[in-house]
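Shared chain: subunit A. Partners: subunit B in the first complex, subunit C in the second.
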Partner chain A sequence: MNEKDLRTIIEQVLAEMNAGGSAPAAACCAAPAGEASQVEEGCIPDITEIDIRTQYLVEEPENGEEYAELKFNAPCRLGIGKAGARYKTLPQLEFRAAHSAAQDAVFNDVDEEFVKAQGLFIVQTQCDCKDTYLTRPDLGRKLSAEAVATLKEKCKKNPTVQIYVADGLSSASVAANIPDLLPALLQGLQSFKIDVGTPFFVKYGRVGVMDEISELTGADVTCTLIGERPGLITAESMSAYIAYKATVGMPEARRTVVSNIHRAGTIPAEAGAHIAEIIKIMLEKKASGTDLKL
Partner chain B sequence: MNYLHEVILSVGIDIGTSTTQLIFSRLTIENQASSYMVPRINIVDKEVIYRSEIYFTPLRSATEIDAEAVKRIVREEYRAAGITPEELKTGAVIITGETARKENANEVLSALSDLAGDFVVATAGPDLESVLSGRGAGTDVLSKQRRITVANLDIGGGTTNIALYEKGNLRGTCCLDVGGRLIKVDNGRISYVYPKIQALAKAHGIEVQVGDRAYPEQLYGVCRLMAAQLAQALHLTAADGQHAGMYTNDGRALPPQPAVQAVTYSGGVADCIYQKMENDVFRFGDVGVLLGKAIRADPDLSRVELCQAAETIRATVVGAGTHTTEVSGSTIRYERSKLPIKNIPILKVSPEDEASLETLKASIIQQMPLFTPEGKAEQIAIAFTGEKRTSFAEVQALAAAVIKSAKEVIQGPYPLIVVVENDIGKVLGNALNVLLEHKKDVICIDGIKTLSGDYIDIGEPIAGGQVLPVVIKTLIFNS
Partner chain C sequence: MILKTKLFGHVYEFKSVREVMAKANEEKSGDKLAGIAAETAEERVAAKVVLSHLTLNDLRNNPAVPYEEDEVTRIIQDDINETIFNQFKGMTVSEFREWLLSEKTTTAMIRHASRGLTSECVAGVCKLMSNLDLIYAAKKMRVQAHCNTTIGVDGTFSSRLQPNHTTDDPKGIIASVMEGLSVGCGDAVIGINPVDDSVESVARLLKMLDEFKNKWEIPTQCSVLAHITTQVEAAEKFGAPLDMVFQSIAGSQKGNEAFGVTAQMIQDGRDMVLSRGTSTGPNVNYFETGQGSELSSEAHNGWDQVTMEARCYGLARHFQPFLVNTVVGFIGPEYLYDAKQVTRAGLEDHFMGKLTGISMGCDACYTNHMKADQNDIENLATLLVAAGCNYVMGVPQGDDCMLMYQCTGFHEAAALREIFGLRPIKEFDAWMEKMGFSENGKLTPKAGDASVFLRK
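Entry: the complex of A and B
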């Protein structure tokens, strides 16, 4: 059901309610204030909007100003006061909100419409659902037979660089970063006049699936943009894993990583431009991971 | 990013009212980000490795610097230190105090910066001098570590440069005509009096004339008046009728807030403040010793804590040699063959004008004629913060706006230079390159804060090409 349908149904229900009970509603409004529940304009503050670097809640501190200045340097849950031995209500709620965001990032799927809007088609690993994905890491590193066939059909053969996006452990990360990260990366490669293959999206993908993709497409460099395991500071962090001529079974040390890509870390657009340069160096030096000195 | 650190050599040369000095220092540059993150390259250590002797600044006449003699000093000190200009990656030549008012100051500066090394830049101006001496004296670090507001007073021969720091952040600078050599003494007689000081003394009933016998008690009285002016400059006491006229070139005063809690002193007179000097008070042929004594005894200046400066007479030269260079952000875009570039005026788009792309374009178009005298495009750098324009689409729109409004630069012979504060240098540089179809050299750096009226120097890449050394100069002379 899309939003429009939902809206139509709600409008219908409301209309029916009004038709049946317009008189009592009027009576309610006429009642003296205080007796009936009141409807106010406005919203409950969104606690996830709070920048915890600026949040200092200790009562009667020795030197709160200094603590607050120190705290501004890092998003840590310190200086948030306490109620007896426990957290205060607000930090407790913030903690749970952050934890929920992390859980959502792991358990939700990336919106397929969103992926298509980025110009990406979708293939899947051998995982059939999220549970399998989380419990069977090995299957997240292998493409399904259908995926292999699709890639063979749709992808440009032997490109210099193959880029793809994977959900990894954070669907929120894909939604938050790809609209800036991917075009900036493609533009960077374009400005270096480096040939790029057909980009796509891998559902239930782990980092290791890049090795099979590298072999399949015959790319010199393969680069995956993948959601990082979320934490309590951000659920939107993304990494780029990049390897020169990746092969199935190669040592992990052959991957070069750029991590911490999100709006409060390395901003995605700038990260894209940076990754393009790393790829350029990788192509020149014909090496990646610990073999490549950047 | 596996590279650990790189050491570069820097020189500082200070040609002041009374002394000329030179230092060499080692700047250590390191990537402070972990190996799987985008590099974050900073200057992590600064060490002075060679200090020259302190020379009297050679003058050919009252209005002219003896350029040849200055060059000789520089050449000999390079030889004594065993350092060649080719080894120097950065540095600054600074003309300070009254010397900056000499007729051939500019000429001497450019001659020296060529002699000193490829990317040794020439600079002057009282604001910058205040900042450099404050940093050289270690006042910024002191105020940061102790979390207090500290002023450094760099008291030289001709001027006193004040820089005010609150918890490590610069809060204001000012420059007064107060110095040790504004009255000179030769053979027991006054041989020179700076007119402003003469007027200050006269306003308080003290007559000092060239040719008069130099009485220590009388000149101490004049020095007490100068010390009182310094206390007024720090807002430790109310300004008197003469105070407004004491600022160099009708410059401005320090802001009244934050209130100063401690002071450090640097410059030639500083040693006369920190140490008691007895015997012949005119041993330097001036009133420096008396001025130091007057400052130490001033009741208003004594109300704030006196802290030891890290450098005294060498504060400015150490500041010039070790604290002028910063490094750009490590994700930037540039054309190596176009570097280094020096003395580029900055066309700054104000934060208010940056709010919309329309006002940004209008701001660049309006300011452009200031930088294109007689319609001829000169090399300029366009600067803004880039704040809040971080999405890919916004960066593209920003690049398009810059290209549209900077036609003169794009059609002209010089590269397009863009300087931003926010970390978008590389993606913006790419966008400019692609939009210009690679037909124009683009230098786009980030991590650099600029103000309208600044000049920028950009050196050759360091740290494996990841960053560029940058010197921002606040004004070339105070005119």
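Entry: the complex of A and C
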């Protein structure tokens, strides 16, 4: 929906509200001064559907068309006008909506039923809760004793590639991307006839936990699909971190990263195919990260 | 010195000044992550009691990293005026706190004292201050600096215009610059954090900002916040205009190594701008800091994040910078857990910077995995202005699309100026009036219309 449509709808709603206001007040009690309010049919438009690149709220701009065109080049909250030296109400609410999505993505856990429906079993790091996860990155890089036992029991030993999903800093990212991303990746690897281990889900997982997982499963390549820290533009961005024979304590530079996976970035299905190709090259070159020229 | 006290009859004995300094801190998740925080609320107070009895001499004699091992310690210690230090060295931290707060102690007296204080002394007294103490004492201190214009003059409050862009797109950046200027943002500096930090790209952005600044005769200064050696190379190879040089710094040599920087590189950058830059000077350095960066690079030597932060300011002072700001909520909840800790850290850093004698600003900000929101950051910005902070940041509506964090928006400086009766830097104020964006320090209805700059 563009700004013009939105304005039209708001005007309509306002007009209807005014019309409704003139109806007689309920008789039972003394109405407060002014017009009575009634609950009406209708739905206020979704402010999160507004495209901030085309939104332009400055009143009577001198060269509005030219600035609207210029600001289209910036994915920022520009052309927002002002109320005194403060913000107008609509952009203020848009900002709060974006932040609410980011906060929910970070602080809510991934729905376990959803994870199971993707064919993944769940293991946990040494973090006992979200709070520990956020304040103790070291514990988010280590598997719990129970997780180690579960992985030893359930995972195929020494696969060529081990794929797993982790919540990272965005539960919304897991929910939004995994249903398309994981099958696309597995399919891609299958088409290259690359042997894949048993996929699973790590709760409260940081990127570094992949090193312990790599040592535990004995995979040649380990790949984690992990939720990125949300920004206000999207809370659903996911990254893939991939490493050839990762070991605990190895330099960060040995990881290859595919970032910005979400519906407005690299779309999940496309990203899956891309990651499969990277893994294929990694296996051929027996290297990853800065050691691997892609 | 005595490292032992009783509280409620319970004996608390500390092994070292280092332990006292760490445990005397207000609660911070970063000190807990480092495993050095007070274990109980009572132990925290016991450490404060012991600290209050230490002398400034004790603190100077116990630098966070030994003199022989660390160039930051050497710079801080060697910059001390021994005559002034001798006047203060016998004071306990408690006495020094009260001296700072005393009605008899003037702005000039504190500036004089600054020259005799090591960063450990600055951090020590900070730990005995309540939040309002930090505001009250900081309000007394004023530090001015001059690049093209003078920042920090009494009655002014400034802001950095931060027009970051996800791809460094020149049109997108200029759109942002225009809108920020139209509401009075950018008198401290127009400074871009580049995505592409290649020499060519940094040179291009510097030239673009300079051209815009000259075309519209904007009395301010510009910067592109790449690595200091990149900025210098951009000037040398491509003739990029440098008003100042930027660098992120840490409070130990090892921490600076993680940023790939040495004191010599900073000195070289400074010399380069003074001899071949585009600004008047003499203050041509811009530094950013932030509690926790030393721990994140395992360069804290077992010390707490407040002391390590104070040492950044001790290092910065050596170069007489135009701007220094802590990026107070950027590092994440493992260092500053929530709004309460970010607020405390912002006030601490601002106070410590000023007491060190540098032109201090603050990037009051938060990431989305922190328990904080825009209201919290508006609160902090308001407290900082009450404390006489030189400048804050300004990004479109507080949302930095490139660094993926939120800080103060373009409109905040204007609102805070109106609330506190402050003005932008004088020449910039006059420029805004000339452009029709403000009248007598208040935004006009025309303010916020960036399209004014697209006049044909």
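By our rule, the second predicted complex is superposed on the first by the 254 of 294 C-alpha atoms of A that agree within 3 Å, B and C clash if a C-alpha of one lies under 4 Å from a C-alpha of the other, contacts with A are read in each partner's own complex, and residues count from 1 in each chain.
Assume a residue touches a chain if its C-beta (ideal position, glycine included) is under 8 Å from a C-beta of that chain, and two chains touch if they have at least 3 such contacts.
All values reported here derive from a predicted model rather than from experimental measurement.
If you put the two complexes together on subunit A, you find that subunit B and subunit C both fit without a clash.
Residue contacts after overlaying the shared chain place A:Ile267 against subunit B, while subunit C stays out of touching range.
Legend: residue contacts after superposition of the two complexes on their common chain; A:Gln187 is shown touching subunit B, with no touch to subunit C.
Of the two partners subunit B and subunit C, more residues of subunit A are touched by C.
Of the two partner chains, both subunit B and subunit C are touched by A:Glu66.
Once the two complexes are laid over each other on the shared chain, residue contacts for A:Leu134 go to subunit C alone; subunit B is not touched. Of the two partner chains, subunit B is the only one touched by A:Val258; subunit C is not. Look at A:Ser144: by the touch rule set out above, it reaches neither subunit B nor subunit C. Look at A:His99: by the touch rule set out above, it reaches subunit C but stays clear of subunit B. By the touch criterion stated above, A:Ala85 is placed in contact with subunit C alone, subunit B being left untouched.
The overlay of the two complexes leaves subunit B and subunit C separated by a minimum Cα distance of 8 Å.
Annotation: subunit A residues 66 touch subunit B in one complex and subunit C in the other.
Subunit C contributes residues 29, 32-33, 165-166, 169, 171-176, 178-179, 183, 332-334, 337, 367-369, 373-374, 395-399, 401, 404-406, 409, 411, 414-415, 417-418, 442-443, 447-452, 454-456 to its touches with subunit A in the complex. Subunit B contributes residues 1-3, 36-38, 147, 167, 331, 333, 390-393, 395, 423-427, 429-431, 433-434, 438, 464 to its touches with subunit A in the complex. Residues 66, 69, 179-181, 183-184, 187-188, 190-191, 239, 257-260, 263, 266-274, 276-277, 293-294 of subunit A are the ones touching subunit B in the complex. Chain contact summary for the complex, subunit A toward subunit C: residues 58, 60-64, 66-67, 70-71, 73-82, 84-87, 91, 95-96, 98-99, 102-103, 105-106, 134-138, 169, 229-233, 235.
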